[in-house]
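Next come the structures, one after another.
In the two complexes that follow, chain A is the common piece, with chain B as its partner first and chain C second.
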Partner chain A sequence: MASKLTRSTGAGWAFALPGFGLIALFIIVPFFFAFGLSLTNQRLISPNPTEYVGFENYRDLLSLSVITLEPERDDSGAVIRDEDGEIEYPRVRTITRSDDFPQYRGMREWFRWQSAETARVVIASDVVFMKALVNTLMFVLVVAPVQGGLALILALLINQKLRGINIYRAIYFMPVVVSIVVVSLLWRFIYDGNDGLLNNLLSAITFGGWQPVDWLGNPDTALGSIMAMSIWQAVGFHMVIWLSGLQTISPTLYEAAEIEGASKWQTFRYVTWPGLRNTAVLVLIVITMQAFALFAQIDVMTNGGPLDSTQTVVFQAVERGYGKQDISGGSTISVILFLLVLTISLIQRWLTREK
Partner chain B sequence: MKRLTKAGLLASSTLIATGAMAQTELSMWYHGAGNEVESNILGGIIEDFNAAQSDWTVSVESFPQGSYNDSVVAGALSGNLPCILDVDGPVMPNWAWSGYMQPLPISEEAIAGHLDSTVGRWDGEIYSVGLWDAAVALYTRQATLDALGLRTPTLDNPWTGEEFMAALEAAKASGEFEYAFDPGMAWTGEWYPYAFSPFLQSFGGDIVDRSTYQTAEGALNGEAAMEFGEWWQSLFTEGYAPGTSQDPADRDNGFIEGKYAFSWNGNWAAVATLEGGVDDVVFLPAPDFGNGPTIGAGSWQFGASGTCEHPDGVAEFVEFALQDKYLAAFSDGIGLIPATEEAAAMTENYAPGGALEPFFGLSEGQALVRPVSPGYVVAAKVFEKAMADIANGADVADTLDAAVDEIDADIEANSGYGH
Partner chain C sequence: MAVITPDNRGLRLVVRYAVLTLIAIIFIFPLLFMGMSSLKPDQQLLADTSSLRAFLPVGDLSLENYREAFERAPVGLFVFNSVLVTGTTVLLSLAICSLAAFSFTYLEWRGRGLILSIILATLIIPFETIAIPLLLLVSKLPWIGFEGLEWGWLNSYRVQIIPWIADGLTIFLFVQYFKDLPRELIEAARVEGASWFQIYYKVVMPLAGPVLATAAILKFLVMYNQYLWPLIVVQQESYRPVMVGLQYFFQLNIAWGEVMAYLTLITVPVLAFYLVLQRAFIASIASTGVKG
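This part shows the complex of A and B:
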């Protein structure tokens, strides 16, 4: 193999050149650009000169602190409680906007917990980015196994010699071919809070007992709705990859299993699944990377709202770099995302290595 | 007519000065792609201009409005801007500051009598001039006012904040409407700062402190702004208005279909409302929340790009386009408010007694331009998010504080934006 490759290098490299060239031009060079820009204060539009600012952009995005709030007390020293019996604390803004604590300037409450009578508040210099990070991780954690699993089930179902099976393959694959922007627009109508398809459907099967839910307008359901729609949209793509994996498994193995009297489950567990090993690694890594890049659905359906419940890392990178003309901030987010995806892919690779 | 002869004279004098040189081409970008009526009127003006003088030929390229600003930014970054730029009023200072635009050498005479908000000034110079303005009014039906027993507010005597809330309460109590008030939350983007920051100003706050333009502290999170924020949130928590997930179709047709008693909408929707069968629609002025009633101002305008070598040609074209007959044609065609009273008199809708005449009064009487600063572009985005978050139930003080911090950080990162 190696010797053949070395002998025909000239032609080989020539054929590979357009591909390598384009990847270098549009992926590798921009990445180094992004890293360089993230160390400056570069704006999208500005007559001001660009300056090197070191890791300030990273600090602005990632700084966290914990502050302790003592409860409000009345003159006798007793803790003041509101009507619901909850302890009243001074507002976080009395600290973050006070000249006594310049180190907390510009920071904002992310979340808090209570231990005995004091409350500890985690404040972040960029709460929106923190929420975007958490949302994106949530999205990956849910979408990767569910989408991969569903795709495998669909692949097993359509990997049969039945009449008209191609129709099902086409149906499952259809959403992949349609532009994600179009799909997102359609699902916006489906999720409509008043007379959307989903609410009408649920109300029809419960004979009117269903209370319409504003799927995208409610912070509790918005991210879940986008997960469901994203899983549906791309499941067909991964189904096809699984299918190709299934078809590489030799039929003789199945015949042997049948002769041995293996049950359906045993066949799957000891023949199909080991044969799909490499496909599984590929599907998992591809879904993970695609899920981290969640953008179009957010841009079309929610714009990150309501109350930042659907902010994602890539949406923030675009919003900052282009919308708010802060290219250095957007680049910083991109670099952080790159490191994140790289780390997770390496961990996945290590976990699924050949033992 | 006077202006036409003046332009003609100017044209002939330059002709003598430059001799029988060939016509110089002036390229132009416009935001109205997809709107046939608009394109035809602009095409007509350009044709007339090219025929009326022999120095310049203008050629136009149209972009869809949604991606127009991005196209200009991309064009500027790659050094590919046209000579004549079409620019949205509040964005102009940003482009002027960053060098995408240069001052427009237009005579003060040519813009005498024009609505203030149609002339874009930055740093003491004129950069852009518009043929029209837009205005926002509180749409309702006369029948609704009568049924609820409400006084008709006027420009001189608008509703107070209490009267406005009493009107919403009455509409809600009547049970005849899905919502009492439609502020237009489905129109994300520039609509939020354009339509809602005037409420904030009427409470006594603002997006930034206009005395220095260096901070939003106190303006966007001061007492007046907090009061505004609480009021804004109450519209949604108390069920007066549909929230951010409003269906865009309801935004367009909800008022016509009778779902909403009051709708906060622009003059561009007026013709559709009349044609939709709302014969007794009335356009009420903005309520006064204590600091005077205000509406937004400033629409699309023409200017010269920074790289253009012939700003005099651009000025000549703009002066030519500013003739009353063209202002009237645009107004009749797409329902915009003409920039001069003379042109208004020539239009169908804005002439005295015309169906949309109230809007001209609103533009003259209540209009306040959005903060004239290169930082507005970013501040507008921050403000939009704050409005959406507060509507969705976020803590008012924390949200406004966060908005202030973000605007201030941006101003600082841009070294004060040259103020």
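This part shows the complex of A and C:
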């Protein structure tokens, strides 16, 4: 009976079509486009026709190799050392530019380590992209647990029954509605090496014993500073998601725990945490997706520097695809990024599955 | 068991509020600093950073920075562009996504389940992974304008609006909400001979206030804060939104007072809007959490 009233193929399609059409054209088509373009040499504007190039773009981005360098020896066979006593090696470019090793052509040194007298050098076809990959993974690995954990702590604090608690909730959430671009520019001032608020604060706390740090200008602190700021900006978002999870837990469970004489930790461990399972998975996946997308902070604060210490995957994709108008290169990075996000999300799903 | 005396209960309460307040300061100080600094001349602004004066409206206060910001960049135009793009997208999104969700929830048609699954599957595609191919796509799309057929959408309002109208999350939110509405209402209207569009427009939409608010707030935040997309598709100043307009203030010796004035100007309306509709904002974010 009811089904007869609601069956209406024509109207059904007509109502869904505008929405589905837009999603198909602007999300699904470019998504598959990315895979196709990554196998070509497409540029935004080019006089030459686009050609199929196979996996060349992937090779140009991802090729990695380890080469072994034997120390330079003098005529008697003794190892040559420089003034500081460090062993001297032939330059890497004697190999990467040599006709004897065409497979290493165009690759550059990423990093090296020494075992006994020989040095092992990791060479990559695109060192900057490798750094971008590592930085992005570092960012995700730090931000996902720290931001998720802090957000949970805030949610537990806000979940108390206290007069005026909603005011605190409103304040903790406030940075979420502020654009990340605005926040980034503001924090550039906070992190400033001379007049920055952070240096002044640390100096005040230590009674002047603090040596000012140029937080964004130093390769050791730049990425960490951006992590801290990103956590500050978005932690309120995840606090709210945790809160909605906390509110689904039945109060009778808490009453039961209280009657049983459970401690606060036991109550959290055996009542609250199991009740937050689904929320935890969601928070983790959402933070991970957001963290992989790291771009605006970099663009506003460091432009990838200093010394490529804040290069990220999306920043590289934009620099190529838009900056250099190399659509195929940018698309290749996009595909790699998507596969990364997908892999990490699947691993997270698997790790947090119902046992 | 701990003995709860009035005294130690009072103390615990004080400690709780102290912790909450300390955290609140961490979240509020950069924004407070931004607002206060926007009123100070550069020299004083820099000098004040070494003391608590940085967060207080003290010293030589004026709106001079705002005047200079307006001189440096076409601020009014940027604000107009942002309001136009954000407003249009939010309205079109509400109409088109709710109509699609209505169809998915109440109408039975072949392929409905499949299409809805495809739409929900797009939720795992971060925008950043399609930005570059989408850039190529929009640079080739046709458009019928006042001068007839033209090719390419770059440097326009439409390129900032149309790709953002429909998205999986908005449709999902409407579907979730519509599911819980009493079906008898729809059936009764159907029996009385109402058309599907009349049911959508006269029966369902008047009941959809809460989900319309949620979807509008989420879309508003995304659109107003847009950065990457307008950065790559709009080179002409005349179409730039406020966030991209910020680039006018990047230079070797940043005039921080002007920057703070511009930041305050583009942030305060959103913050005010948020503070008024605080519950609705937080509820919208919370409702995205039910999808798990």
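Simple rule for what comes next: the second predicted complex is superposed on the first by the 330 of 355 C-alpha atoms of A that agree within 3 Å, B and C clash if a C-alpha of one lies under 4 Å from a C-alpha of the other, contacts with A are read in each partner's own complex, and residues count from 1 in each chain.
The criterion applied here is as follows: contacts are C-beta pairs under 8 Å (C-beta built on N, C-alpha and C of every residue); 3 or more make two chains touch, one makes a residue touch a chain.
Since the structure is predicted, the reported quantities are computational estimates derived from the model, not experimental observations.
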| item | value |
| --- | --- |
| Partners on chain A (chain B, chain C) - clash or fit | clash |
| Partner chain(s) touched by A:274 [first = chain B, second = chain C, both, neither] | neither |
| When both partners are placed on the shared chain, which of chain B and chain C touches more of chain A | C |
| Contacts of A:48 with chain B and chain C, given as first, second, both or neither | first |
| Partner chain(s) touched by A:28 [first = chain B, second = chain C, both, neither] | second |
| Which of chain B and chain C A:145 touches, first, second, both or neither | neither |
| Which of chain B and chain C A:90 touches, first, second, both or neither | neither |
| Chain B versus chain C as contact partner of A:245, first or second or both or neither | second |
| First, second, both or neither for A:106, with chain B first and chain C second | first |
| Overlap of the chain B and chain C footprints on chain A, listed as residue numbers | 44, 322 |
| Touch list for chain C against partner chain A, complex | 13, 16-17, 19-21, 23-24, 26-31, 33-34, 46, 49-50, 54, 96-97, 99-104, 106-112, 115, 118-119, 122, 124-137, 139, 162-163, 165-168, 171, 183, 186-187, 190-191, 196-197, 200, 221, 224-225, 227-228, 231-232, 243, 246, 249, 256, 259, 263, 266-267, 270-271, 274-275, 278, 281-282, 285-292 |
| Footprint of chain B on chain A - complex, ascending | 41, 43-48, 60, 91-93, 96-97, 106, 108-109, 127, 192-194, 214, 216-217, 219, 303, 305-308, 319, 322-326 |
| Complex contacts: residues of chain A adjacent to chain C | 2-3, 5-13, 15-16, 18-23, 26-31, 33-34, 37, 42, 44, 154, 157, 160, 162, 165-166, 168-183, 185-187, 189-190, 195-197, 200, 232, 236-237, 240-241, 243-245, 278-279, 281-282, 289, 292-293, 295-296, 299-300, 314, 317-318, 320-322, 327, 330-331, 333-335, 337-338, 341-342, 345 |
| Residues on chain B engaged by chain A in the complex (per definition of touch) | 70, 73, 76-77, 94-95, 97-100, 188, 243-245, 247, 250, 377-378, 381-382, 388-389, 392-394, 397-398, 401-402, 405, 409-410, 413-415, 418 |
